[in-house]
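In what comes next, chain A is part of two complexes: it sits with chain B in the first one and with chain C in the second one.
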Partner chain A sequence: MAAKTIISRPIYGTLSPQPGKHHLFIADAEGALAITDMAGKAPPGFFDGAEIVFIPGPEGKHIAALEALKPAQLHLPPSFASLLPRLRQTLTNAHMGLRLYLAGTEGLIGQAMQAALEAGIDHTSMQTEHRGSLARRMQCVHCKGITENVTTQPALCAHCGLLLLVRDHYSRRLAAFQGVCINAEDRSEIPPMEEAFP
Partner chain B sequence: MGITFRKETFRDDFTFKNSPEHIRRFPFPFNEDAYMYAVNIEPHVVGPKGSVLENLIDVDEHYVAEMQDRALVLAEDPLRCQSLPHMTLAGWDLLELLMEQQALGYPEHFTLERNGDRWRWINRPLGIDDTFTFGDTSTLPYGPMEYITRQSQGDFCILDQRDGNLWMDAGMVTTQADWSLDFDIGMNFFEWHAPVPLAHEKGIFTRALKFLTNIQQGKPARRLNWTMTINPRLDTSPENYHKWGPDRATVTPENVGDKVHLRVELQSFWRLPRSNGIVFPIRCYLIKMDELVTQPKWARRLHRVIRDLPEELATYKGLTRYRPTLVEWLSKLDDGSPTSSGFGPD
Partner chain C sequence: MSTGTTKLDVVVSDVVPVNDLVTRFHFRRRDGELLPTFSGGAHVVVEMRDGDRTRLNPYSLMGSPLDTREYTVSIRRDDVGRGGSLFMHRQVKPGLEMVISYPVNLFSLDLRAKKHLMLAGGIGITPFMAQTSQLAGAGGNFELHYTCRTASLGTYADVLRERYGNRIRLYHDDREERIELDRLLSSQPLGTHLYVCGPAGMINWVRDRAAALGWPSETVHFEHFAAPQPGAPFDVTLAVSGKTIRVGEQQSLLEAIEAAGVDPPYLCRGGVCGQCETNVISHDGKFIHNDHWLSEEDHRSGCKIMPCVSRFEGKSLVLER
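Then we have the complex of A and B:
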């Protein structure tokens, strides 16, 4: 769990079964374990109306555990980018009572929430649980490029190459933390790069 | 007699200056010899003749040059002006407010003629004479917010009020003190203030939000905020921080008076009649140290404020690198004698 720092930084909870018939889970990597942990608290038949979307990552772990829940639908896209067109359609066509559960890395939760917000779902009506890597999705305030999976502080912008301070300031709309040039005042100052978001 | 608009720049050769009358009217933000955050909000009512409060929307000698600088910023980075789709009505509210106020305060420069929904707007300093249909965006060259804020000094944030909170859902932000509209758009009041140190713990934002959500139409409020800027640069955006940041390392004992500027924001808050939004103009005033210290009281007081500023605030305001040089320079103008109470010069 990431520590709470400033108010714009998202706070994540623990998934819990919500009333309703339609449940959509979106998870990656260790996020699968948040779903299986929650399943223990779910009433019988809960997953009969559930779709689980799981991005397993290269190691392909946890798939069997999710299959064992017997959801109505289990979808295993290779990446979030490949999921996005289908997810947008699912959210657009969703029933009013759809319950959304997001679990896994901050990048996954943020991007899935961004798609849901664009579909008009309020962020407070989504369940979230952070599991696994603390790696951040960062927007460079200078060139506006997004760098995925940032684990260091400071971090290099993958687009313009500036050395950026990864702030805690977070935008749900962009699903990203803000990166600001760390040595703008004197480019010869190069602070050491440390693993900050493992 | 109208305002004589200066030809000047806020970039490159930095020819911006204040005339002696504008030095005297500068909204000096310290009414005592120390500074700490407070919810320093008061009714935005008309103030003394010759002050920046003579009119509720102030137009001054920098108007034309500021509008030219804004156009340059927008040409380079159109994301400085954004409006979420539900904010168009609030944009019309703002257009009405700014046209009314500018025409009221400066009839020799601005005229608004209304014939039902058919409006004619004459802006003589910028050479504009447009007739349009109020509420019909297709009759203006830009959306209503962008159209009028390309003709009004200061940044403008339009806040939507819902769920007991204020949401930064539209804005024209080209003269900001280091915050990004593009990043913060869509955030609520607490979220976009998240990076400000100390004030959350003091409950400042909770009280300020309560005040702001209760603002009534026709009863605007205001507060002052301040920071410092090296060179008279309006566009101190985070977007361009890597370009202007090096300026902070150029301050020397010899150039303090010319390079270091006090930057004061006159923030006002207005309820908008149709949309029930709040518009939040952030009007920026700049004054270089050489100009400011022509008023001995301000010189003494600024020395004490900057010298004693808590470290977190100095860091947040970006003063760290040049604060010692500035304090040393100002100390020579502070004989230790008392300063009179109140903001104004003696």
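Then we have the complex of A and C:
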């Protein structure tokens, strides 16, 4: 897990069962393991009122482990974009007493949190646990384009092609780290690109 | 100097009895200027000069934050308290020059909320008078549930009903009307924030049920000014200023420290804001903690005290003041 460098750099915790009437889990990839680990600490019947939304990824791992928890509902959408309309609908119709648990990659946690913030849940009220890749969602501060799954430092903006320094400066509103041109003074200066967010 | 306690020189512009127990006081600036801006939920500390005794009591501002020509507070008469409310009811008349603090808000609205659910008990209605005015002016979404002993003691219930119609729900103790709290809390849309002001028992009940029903603590706001409780006199050594003082039966520890010429920071004088938190250097005896600020751990440790509301019984107490 990444160390806290500046105040906006998100820090993730460990999922723990909260009091509530309805428990909504959103996870991808290894995030499933955060849910199964938490299940060991949950009171009996906890998953009777739980809804798990899990993006399994290409290998389809961990699905059986989540089914074994016998949640009230289990959805397996193919991507975050495909689950977003349904998530927004759920949050719009939800009542106080819904608790949100986000687990998996930073991109997934950040984007689910973005939708939840819009629905009026304070970010400190959400349970989060980072598992898996450190790949970042990055916003180019110059063209405002978002580049997904950035693993290098510096990184190329997929939209305008500028070479960007991927900062720890994070925007919850955009669910993205900020990327700033690394060679604005002299574009011929090309620093080596290293694998920084595996 | 005491944080946030810059003073305002005011004159009492009106005194209006509201019902058998509650009287409203209006203050204007002596220089005729506008008063400082405040937000709904703010309070001022009113200085009451009563002979050789000075009381400093916090009261919620209940007027509209959109109108700062005057401040208004409504004070419930407490016949068995330490005398602050009786002083206000008996001695304070229009034209009297008084000193009040700048407004301080320890019970502010979280304007990110999608909806504001307010629960008031008795005189706990006063901060909601200002908050509802503030929200109504901005088209805010709110609902107020107000419990009072009887209709005649439902301070401002009529005003609120007239202003906001069915956004105000009234519950009268004498008619056995009770808030169906669990149902109310469970039927609120996501993004609702809860505000509760009233007797300690009501605040604890609402906080407990909200937590059990899955309301995150960030969404639950409460204000309860604990009036300093009288108690047996006790002696205190102030180590930093090198003074030994006696706290009288009707005096708070904070008032006794101030009377000795030491000026610790304070804001609310009601055990909620944390400003006057004081380290204990040594003690031989028992603390009577009455604040809502320190954790239970702090209370047990015997290392800290909130002198605005808490007392001590025993042989010796040395404070870092």
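The criterion applied here is as follows: the second predicted complex is superposed on the first by the 198 of 198 C-alpha atoms of A that agree within 3 Å, B and C clash if a C-alpha of one lies under 4 Å from a C-alpha of the other, contacts with A are read in each partner's own complex, and residues count from 1 in each chain.
In this section, a residue touches a chain if its C-beta (ideal position, glycine included) is under 8 Å from a C-beta of that chain, and two chains touch if they have at least 3 such contacts.
Just so we're clear, the structure is a prediction, and the values are computed from it rather than from any experiment.
Model built by superposing both complexes on chain A: chain B and chain C fit together without a clash. Once the two complexes are laid over each other on the shared chain, residue contacts for A:I55 go to neither chain B nor chain C. In the overlay built on the shared chain, the residue A:D186 is in contact with chain B alone; chain C does not reach it. Contact with chain C, but none with chain B, is seen for A:L91 once the two complexes are overlaid on the shared chain.
Contacts of A:S125 after superposition on the shared chain: chain C is touched, whereas chain B is not.
Once the two complexes are laid on top of each other via chain A, the angle at chain A between chain B and chain C, using C-alpha centres, comes to 60°, given in steps of 10. The superposed arrangement places chain B and chain C with a least CA-CA distance of 5 Å.
Overlaid on A, the two complexes show chain B and chain C touching no common residue of chain A. Those residues of chain A that touch chain B in the complex are listed here as 6-9, 139, 141-142, 144, 162, 167-169, 171-174, 178, 180-181, 184-187. Of all residues in chain B, only 79, 180, 182-187, 190-195, 200, 238-242, 245-246, 248-249, 321 touch chain A in the complex they form.
Taken together, the chain A residues at the contact with chain C in this complex read 18-22, 91-92, 94-99, 119-122, 124-125. Those residues of chain C lying in contact with chain A across their complex are 112-114, 185-192, 211-216, 218-219.
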